[in-house]
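Listed below are the structures to be examined.
What follows is a pair of complexes built around chain A, which joins chain B in one and chain C in the other.
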Partner chain A sequence: MTAPVISAAAAPARSRSRSWRPAAGHVFVSGYVVLLVAFGIVPTVYALNLAFTDSGGRFAGLDNFVRTAQDYRFLAAVGHVGTYLVLWLVMLAVLVLVLALLVHRLTAAWSRATLRFVYYVPGALAGASSVLLWLFMLDPSVSPVDGIVRALWGSTFVAVVAPGHLPWIFTVIAFWTGAGGWIVVMYGALNGIPHEIIEAARVDGAGPVRTALRVQLPMLRKWIVYMLILSLAAGTQLFVEPQLISQASFGVVGTDYSLNQLAYLYAFDQNDFNGSAAIAIDLLVVAVCCAGFFVAKGGLFDAD
Partner chain B sequence: MRISLLVKGLVAVVLAAFALFFALPMVWLVLASTKSPAGLVRDNPLAPGSLGTLLDNWRHLMDFQDGAVATWMGNSVLYAALAVVLTLLVSVPAGYALALMSFAGRRLLLIITLVVMLMPATALVLPIFLELSYVGLVNTTASVVLPMSFFPFGVYLTYIYFSTSVPASLLDSARLDGCGETATFARVALPLAKPVVALVGFFSFTQNWNNFFLPYVMLPNSDHYPMQVGLTQMLAATPTFNPVVGAAAEVQPPELVLATLLSITPVLLVFLFSQRFLVAGLTAGATKG
Partner chain C sequence: MRRRSQALLAALVLSAVAACGPPPGPARTATTATNSQAGSPYGFAPAPQKDGKLVVWVDSTRLDAAKAYQAAHPDVQLDIVTYDGNANGSGTLKTKVQLFNRAGEGWPDVVFTTDNNTASWASQGDDAFVAPLSKGLVDQATLDGFAKGALDVCTVGGVVYCLRNDLAQVVLWYDKKLFDEFGYTVPKTWEEYQALAGKVAAEHPGYLVGTAGDAWAPEIYMWGAQCPANQVTGAKAITVKATDPACVRAARMIDKLVANKTMSMLPLFGPDFAKNQGDKVLMLPGPAWYGGAVFQGALKTPKGRLAVGDALHWADQNPPVTGNVGGGTWWLSRHTARLDAAKDFLTWVATADAYQVDKSPGYPAYASAAAKWIAKQQDSGYYAGDIAAPITAAAGQVWPGWGSPEFSQESIWAKTVIPGQTAGKTVESLLPEWQTAIERQAQVFGYQVAR
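Take a look at the complex of A and B:
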C-alpha cells in the first residue's frame, strides 16, 4: 500500500548520488552475499558438477541420473512422497480454509484469539521433537487417543506404523505442526477483505457458505496458491519423519522411504557422492521450480 | 431458526475438536513426563503422575551417557545463538541496502533472494554437505552454524520493513546533517528497525533450534550433537521403540518424554512470550497487497 509512495520519494535521492552510493550499498550486502555464495550458489554448482561426473571426475552426462532413477528404490520413494503430498496438500487446503473461515466468523473476540493461539502453538515444534511426540501418540499402549488409533490403524505400535499408513501419519504430523501458522495467515488475509464487499454480498442475499465460496475464497486465491506451492516444495524434502519412524519401527519401514533418505543412503552407505548429488539435484530442481513459479508470476512478491 | 442453531452447534463442535487435536498432544507430553514407566502404560493417559517421579525421571535423564543431554542442550544453545547473531549481523544491513540504496546488481540479488527464500532449507543440505566435506569442514561447529546463518527469509523481511516503514527522506536529512552511510544506518535506521530485528531473530532461532537434517548430516560425533539429533540417540535406547535394548535399556519411555519436553521448552517459551507480536509479523504480509 505504502510502497509506491516511498519509492517515489526515494527515487530522486537515488539518482542524485549515483556516483558514490553504489560502493556503500555493496559494503552493506557483502556479508550476506558471502553466505549466499558459500551456502546457496557454490553447493549447487558443486552438486551439479558431481551429478554430471563419475567417481573419477570424468564427465558422465546423465549417467548418474539414469542410474539412480533405475534404482529399484527410486520409483518406490517417488511414489511414497507423491502419495503423501497429494494427501497432505488436499487436507491442508480444505481444513485450513474451513477452519480459518469458521474462526473468522465467530462473534466473540476472545474465542477467535484463543482458537488461533491454540491452533498456532504446535508450530513451535518441528524436527525430531514433533515426530517423537507423535510416536507416543501413535503407540496404542500409551496414547491418550488409543481408541482412535486402534480403530484406524491397529492395536500395536508396529501395526500402526505399517508402510501403508505412513502417508496418513505424516499428513497428521505435518498438519499438527504446520496448519496453525497457515490458519493465522489466512485469517489475516480474510481480515484484509474490505467489509463493504462482504456486506454487499449479504445484501444480495448470499448466505455464509455462498459468501465464502464466491467472495472470500476467490480473494484468497494468491494466498492459497502460496501455501500449496511452499508446502509442495517442503513436502518433497521429507526426511526426519520417515527416518525416525524407520528407526522405531523394528524394521517394518526401511530407511529408503523418501527421496532425501535415498540420497542420504547413497552418500553415507554407498559412498556414492555422484549418485547422491544426482538425487539432490532432482529435489533441488523441484524446489527451484516451485520458487521460480512465484518470482515469475510476480503478483505476490514484487521485487520493486 | 432451529437449523441455524444446529449449524452453530456443529461449527462449535468442529472448532473444539480441532482445538483438542492441537492441544492434547502438548498436554499429554507435560503429564506423561511426571509418570513412572509402569504408570505411563497402566494409568489413564491424562492422569498426572507425581512430582517425585518427575524428579526421578529428571535424574535418570541427566545420568544418561554421563550427562549427554546437558551437552546436547548446550550445543543447541550454542549453535542457535551463534547463528542468530551472525544472521542478524548480515541480514539487517543487507535488507537495508536492498530497500534504500541503489547499487549495481541490486535487482539480481533481490530475485536470487526470493528464489532461495521460497526453497525449503533442506533442499540444500546434501549439496552443502558435499561442499563442506570437500573442504574438510564436516564435524565442526562452523559446518552447522555457517549454513544456518544463511537466512534469505530474514533479508526479505528486513527488506520489506525498510522499504515500507522507514521513509527515505529521513535518511536523506541525516546524510545532509553530515552522517556517513554507516552512521546513518547505525544511528537512524537501526533504532527504527527494532521490531524487524526481533522478528528475524525469532524466526531464525526457531528454525535453527528445530533443524534436524543439517546437523544430522554434518556431525557424526555424539559430543557435537544438538538436542534434536541427540533425541534420535535416546530413541534408539528406549525399549518401547527398540526391543533389542530390552531390560538393559538406558532410557525409559517417560524419560524420553521428558527429553522431548526439554527439547521444545526454549522455543515454546520464546513463542509464548512473543505471541502477539508474532501474529502481527505473520500477517504483515497479508495487509501488504
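Take a look at the complex of A and C:
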C-alpha cells in the first residue's frame, strides 16, 4: 500500500470543489427544508403555543396538560396505543426479519422475485382504503375468510371488534399494509452485506441461523432502527383504523380509542383546541424520546 | 459524541415532522360582536347582507328537498352541498363549524342534520352558529303549526333554533300476515309484548319481536319507559338516574327477550340482519321512519303485510308515552349574508306540501303536511290496515323527559352497553356502568350532573 500522492497542481482544484459541494447540497435540500418548516416546524410551534395558552390566548402553564391527563379517556387511550405499539413493533421486527432472511436464502431467482412482489403488493393499497378492505375481511357475514374470523374472534362483527381484540386487529392491518415494503427494504440491505463475510462465516462452520443471528442481523442494525423509528411515529398516531371501525360498528368502538382521536375530539367535538394541542405535544414528546432512545442504542447515525 | 448529538437532533426533526400538531389557522375571530343582540329585531345581529348564491347543506335523502325548492323557485341561486348529515353521530357539521369559526368564514346559510344535539352546542356561547327563529325571524303562526313537542329538540332556554323536518315517534310495526297465521293478538302494552314474546319463543322459535343491537335501542325502550337517564334541566345541567326502577324494568325486558332469542342483537342496517333475519320479523317497536327505510328499503317486506299498532306503553303509565329515534331538523346560520332567502328556504322545505307531502320519506313535523302525508301513505296500498291512526296518535305521545344535551346518548349506549351485551352481560347489570358513562361524558362537556 502506498499513500496517494496529491500533486500541487491538484490541490487548488480540490479546494474549489470543496467550496462548491455545500452550496449544491443546500440547493438539493432546500425544497425539503421549506416543506419541513411549513408543514413540520411551524405547526409544531403553533401547537406549542396553543398547548401553553388558554382559549383567550393567556399563558396557562401546564393547565392544558394536567386537564387532558385527568380526562377519564386519556389513560385508557394511552393504554390502547401502548398495547398496540408493543404488539406491532415486536411483530414487525420479528416477522419482517424472518421473512426477509427466508427470501434472501431462496436460491431460485423466480421465487425470490415472486415473493418480493407478493410482499410488496398489499403496501400499494393506501391507508384508509386498506382499512376499508379489512372491514370486509373482519365481518363474518361477508368475509372470504369468515371461518378463520369466527374461530379467532366471534361470529358477528360486533363480537369481532370487541375491545380486547382491537390491538391484535390493528396489528394485523398495520402489518399487512406496511410490512411488505420493509421486507423488500431488508432484503435489499441483506444484499448489501459483502458475500465474502457470509462465505467466511460458512467456512467457520456457522449454519443459517447462526449466520443470521451473529452476522446478518448485527449488520442490519441501522436499518432495523430506522424501521422502528418510522413505525413508532406512525403507530403513536393511530387514528384511521379505529375511526373507520367506529363508523362501521355503529359506534360500538368509541371515537376516543386512541390519543389522536382524543385530540380530534377535543378540537372538533369540545371546541377545545388548547387541550387538543396539549395531547399532540404529549405525543410529540413521547415520539422524540423513543426515537432518541432507538437512535442512541442503534447507532443510526454513527459512521462506520 | 458530536455525532450522537446530531443523531438526536435528526431524530427530533424526524419526529417533529411525523408527530406534528394541529394545522395552523388564523386566530379566533371576534364573533361576540357579530352575535350581539343589540339593535336586532331577531335576537341576533345579522351579518352585512349581499347578493350571491344561497349555500344549503343537506344529506343525500334531503337532496330532494333542495331540488324541490329549486324547482319551485327557479329565480333563486342555490349552491346545494350534499354531506353525511351527521348520520351515526359522525359530527361532520360540528367539525366543519369549529373550523369555520376559526377561519371566520365558510358557514353554510341553511343546514339539515339528523342528530338532536345541534341546538345544545350550536346555539350557545360566543361562537354560536345557529340563529334563533322564535325571536322575530320566523312567524309565530308558522312555529305554532308544528306538532306538539316537535320543536323540543330545537329549543334551548325557551328559544326555538330550528324547524323540525320529520317526527320519529316510536310505534309498533308488525307483520299482519304472520299474526293472522299464528293467531296472535297485537299487544297494546309492554307487559303484553313480553308475554307474547315468550309465546313466540316457545311456539315459533327464530321469529323476532324486536332488535337491540343498534345505538338507538335506549331511545326505543328506555325513553318509552320514562327512564330518567337523560333529563336536561338547563343549558349546562343534566340529571342522570340510569338505575331508576323505570330503567330497570325496561332493562329486564330487553334481557329476557335477548335470552329467549326473540330480540336480535344484530344491527338493523348491517348486512347480517337483512340476510339472516330479515324474513323472521314478527313485530318491531321502532320509529315512524322504519316503514320506508327498514321494511320497504332494507328488508324488502312484500306489499300488503306490514301493519302498525299503537305505540306500546307500560300499563301503569298515565298518560301513555312513547320514545323517539332521530327526526331531522333544519337550521339557519346567524352568519348568513342572505337572511331573507335563507329564511324562505328554511320555512318552505319544512312546511310546503310540495316537499313534505309529495316527496318527504318521513312523517312531517308540520301538522297540516303530516295529515296529508299519512293519508297518502295509507292510499299507497303498501300497508295492511290503518296506519294513520296509530302513527298520528303516537306523534303526540313522545315523552318530553328525554333531553338533547351536547353529547350523543346513542354513542354512549353503543360504546358502553352493546359490547357488554355482546360479552354476555345483561343490560340490568350494565346500568351502573351506563350511569357512570353518561355522567363522565356530561362532565367532559361542562354539565352539572345531578343524580
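Please note the rule applied: the second predicted complex is superposed on the first by the 248 of 304 C-alpha atoms of A that agree within 3 Å, B and C clash if a C-alpha of one lies under 4 Å from a C-alpha of the other, contacts with A are read in each partner's own complex, and residues count from 1 in each chain.
By definition in this document, contacts are C-beta pairs under 8 Å (C-beta built on N, C-alpha and C of every residue); 3 or more make two chains touch, one makes a residue touch a chain.
Note that the structure is predicted; figures quoted are calculated from it, not measured.
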Inset, instruction - For A:239, select first, second, both or neither according to whether it touches chain B, chain C, the two together, or no partner. - result: first
Legend entry - Partner chain(s) touched by A:144 [first = chain B, second = chain C, both, neither]: first
Legend entry - First, second, both or neither for A:230, with chain B first and chain C second: both
Legend entry - Between chain B and chain C, more extensive residue contact with chain A: B
Inset, instruction - Using the superposition on chain A described above, determine whether A:108 touches chain B (first), chain C (second), both, or neither. - result: neither
Inset, instruction - Look at A:122 in the shared chain and tell me whether it touches chain B only, chain C only, both, or neither; answer first, second, both or neither. - result: first
Inset, instruction - Would you sort A:29 into first (chain B), second (chain C), both or neither based on which partner it touches? - result: first
Inset, instruction - Return first, second, both or neither, reflecting whether A:254 touches chain B, chain C, both chains, or no partner chain. - result: second
Inset, instruction - With the two complexes superposed on chain A, say which partner A:157 touches: chain B (first), chain C (second), both, or neither. - result: both
Inset, instruction - Figure out whether A:191 sits in contact with chain B (first) or chain C (second), or with both, or with neither. - result: first
Legend entry - Shared contact residues on chain A - chain B and chain C: 36, 39-40, 42-44, 46-47, 50, 139, 141-142, 157, 229-230, 233-234, 236-237, 247, 250, 263, 267, 273, 276-277, 280, 283-284, 287-288, 291-292, 294-295, 299-301, 303
Legend entry - Partner chain A, residues of chain C touching it in the complex: 3-4, 6-8, 10-24, 27-28, 88-91, 94-95, 98-99, 101-102, 121, 127, 213-215, 265-267, 269-272, 275-276, 410-411, 414-415, 418-419, 422-423, 440, 444-445
Inset, instruction - Name, in rising order, each residue of chain A that touches chain C in their complex. - result: 36, 39-44, 46-48, 50-51, 55, 57, 71-73, 139-142, 154, 156-159, 162-163, 229-230, 233-234, 236-237, 247, 249-255, 263, 267-271, 273, 276-277, 280-281, 283-284, 287-288, 291-292, 294-296, 299-303
Legend entry - Interface residues, chain A side, partner chain B - complex: 1-3, 6-7, 9-10, 13-14, 18, 21-29, 31-36, 38-40, 42-44, 46-47, 50, 95, 98-99, 102-103, 105-106, 115-129, 132-137, 139, 141-146, 157, 176, 180-181, 184-185, 187-189, 191-192, 222-223, 229-230, 233-234, 236-237, 239-240, 243-244, 247-248, 250, 260, 263-264, 267, 273, 276-277, 279-280, 283-284, 287-288, 290-292, 294-295, 299-301, 303-304
Legend entry - Contact set on chain B toward chain A in their complex: 11, 14-15, 18-19, 21-26, 28-29, 32, 40-41, 45-46, 89-91, 93-94, 96-98, 100-107, 109-120, 122-124, 126-131, 133-134, 146-147, 149-150, 152, 155-156, 163-164, 167-169, 171-172, 181, 185, 206, 210-213, 216-217, 228-229, 231-232, 235-236, 240-243, 253, 256-257, 260, 263-264, 267-268, 271-272, 275, 279, 282-283, 285-289
